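What follows is a set of structures to go through.
Across the two complexes that follow, chain A remains constant while its partner is chain B and subsequently chain C.
Up next, the complex of A and B:
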């Protein structure tokens, strides 16, 4: 039963090879979907291109449905998967800073790596900025410590936080996503087209 | 020429197809490793490794760097570093096949490339800072978090995009 590497079904020596292969697929999918173009990515905030929203929500839905299915069929133990921990204000404040960074820079870290790989100079500057940002955070760790490690709720899922069945949540989330996909297409048609290369 | 310029080349994948494959990849990643994808992790490792090389005592004395330093092996000997090498390779292959490789600064015709680079730098610094506060970026916290219904992952996702929409007005000259 999965996960395979932590359960020693595939030996740890394979870990880094699998890492490169997974990264390869990740980079390929992002680049082929247009994530190496900052002007395409920023479209989501101005209503002229919703590729970010479509790819992001489709991926989130497919992955959560697939993981729940594999858990249900007994191929994968949901409870042994790593759940990103919840530090309430860290998530809110960190997310807000990243949101401003996204509109300012036009990339997020994963997409900027794709753009670096195809030679975008703005993406190289963006990655340089990320390194500086991480350095600033590390040097000022005592200042950020209260929000970094405070308001800790553990590795909780929405099932714990909202007391909702995962299947019902995924069902509602799917309906919301489908409505969003339809609405954004209407918005995009109403907006002035933006041309870029 | 002008007529040609008035159309974006439809050379990218259908977004639902891309999203579907990305979803399958996330399932595969969790099935193999029990964890999700990431993008900032390798950049953090690079910063820690650089600081550690320049001044080991400084890195040891800092409560953040010292968390990631291991006496026996390099900070860069890390799953996410290898994954990131893969991202660069994969994007390069896709870009090569589609003929998108080339050194250039992409920006709106209404702004100079210098302005684009300044805002890219500011954006990068903010993203670097925010990703550490939230313990992950759009890939590690939001996308991989949402795949396992992590509450923190959903909050981070809502916060990134919510703030993005609120701040969009102030940056509109750069994009539209």
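Up next, the complex of A and C:
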């Protein structure tokens, strides 16, 4: 049956409307769970709040387990899902820059917009920084091009490159996630409590 | 009033959630594996099979060839020997047993042209159609009646008797004209010059259409 849009159960034209609705829900839930606070977000780097790690790990697990069950039951074709292609060094360098921006600015691109929506001035400055970064990157695109579109590995997934069954992979991933949750909880308890909002 | 029992249960909520996760993920590992059906769904195949779009008549095909319509590829699914003896103009030979080879894939699995399969009757062509359809190749059609029908209708059309309708005689005159296009001479038509048109066999290399980029997202 699914995915709904590639199989034309929902037509292509709806994809933007659905994207907007999902985006609104995503932003609302992020704000409601405190993700518009840069102190909360940066807490993962200083060891007093690991909600970012927990949320993203949990979200990944819920979706991957759900997808695999739906694939097993025939509601979704696992192989026709879009897999983002890997540009190895582009991803590594981009990830490092994003990490530095995250720890120094206290937002990731999505949460910064979320915080702008509730009127935080630091987030507005952060978004301004993003726009300047985009401008510089666009101007120097010919210089970055070899890294940007080089080291192309295609639409690889961890399951393909490790050569193990996706079911075993998800099981191991779940165990790793739960261990990570326990470890970060121990770290958080060792740190002094910090109050913020 | 605080429900003490509920509060007691809720204090274990993270542990409960972790256990649920483990059970669900473990369930994936222990589920009995089965071979997945490849190709399109049986319902879709059945729907395509009963659709009238599946066949193209010899008259329609003659019209396409005479008008030099560029939007279709003719594929002969008979053996190579039969293909060499005679075939339709501009047709490509892909014998049934080579249907799934890589060379033929570029002809069959594309969105640009209509593919018209034919054989002596439509029996082999139907088999090829079924295989292609299960693999979700688009725009595959079968020449109804195959080459036999082609000869009986286009090359050697039956003259309608006098008590048949106007439509039958119109169809006959179309078929007659078509057969003259394909080089059949009629002695009673003193004006008609038999022109044997040799159309060079041309290979059509279809270009693959670019697929629409899916919407990308990120954090």
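Keep this in mind: the second predicted complex is superposed on the first by the 196 of 197 C-alpha atoms of A that agree within 3 Å, B and C clash if a C-alpha of one lies under 4 Å from a C-alpha of the other, contacts with A are read in each partner's own complex, and residues count from 1 in each chain.
Heads up, the rule we're going with is that contacts are C-beta pairs under 8 Å (C-beta built on N, C-alpha and C of every residue); 3 or more make two chains touch, one makes a residue touch a chain.
This one's a predicted model, so the numbers in the text were calculated from it and none came from an experiment.
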Practice prompt. May I ask you to decide whether A:168 touches chain B, chain C, both, or neither, giving the answer as first, second, both or neither?
Written response: second
Between chain B and chain C, more residues of chain A are touched by B
### Query
Can A:61 be said to touch chain B (first), chain C (second), both, or neither?
both
- Task: Examine A:82 and indicate which partner it touches, taking first as chain B and second as chain C; both and neither are also allowed.
- Result: both
With both complexes superposed on chain A, which partner does A:25 reach: first (chain B), second (chain C), both or neither? first
**Message:** Is A:99 touching anything from chain B or chain C once the two structures are fitted on A? First, second, both or neither.
**Reply:** first
Message = On the A-aligned overlay, A:15 touches which partner chain: chain B = first, chain C = second, or both, or neither?
response = both
Both partners, chain B and chain C, contact chain A at residues 6, 15-16, 19, 61, 82, 84, 108-110
Residue set of chain B touching chain A in the complex reads 5-9, 12-13, 15-16, 18-37, 39-40, 43-44, 46-48, 51, 62-65, 79-80, 82-95, 98, 100-108, 113, 116-117, 119-168, 170-172, 174-176
Seen from chain C, its contact residues with chain A in the complex are 14, 18, 21-22, 24-26, 28-29, 31, 212, 214-219
Note: in the complex, chain A contacts chain C through residues 6, 12, 15-16, 19, 61, 65, 68-69, 72, 82, 84, 108-110, 165, 167-168, 170-171, 173-175, 177-178, 181
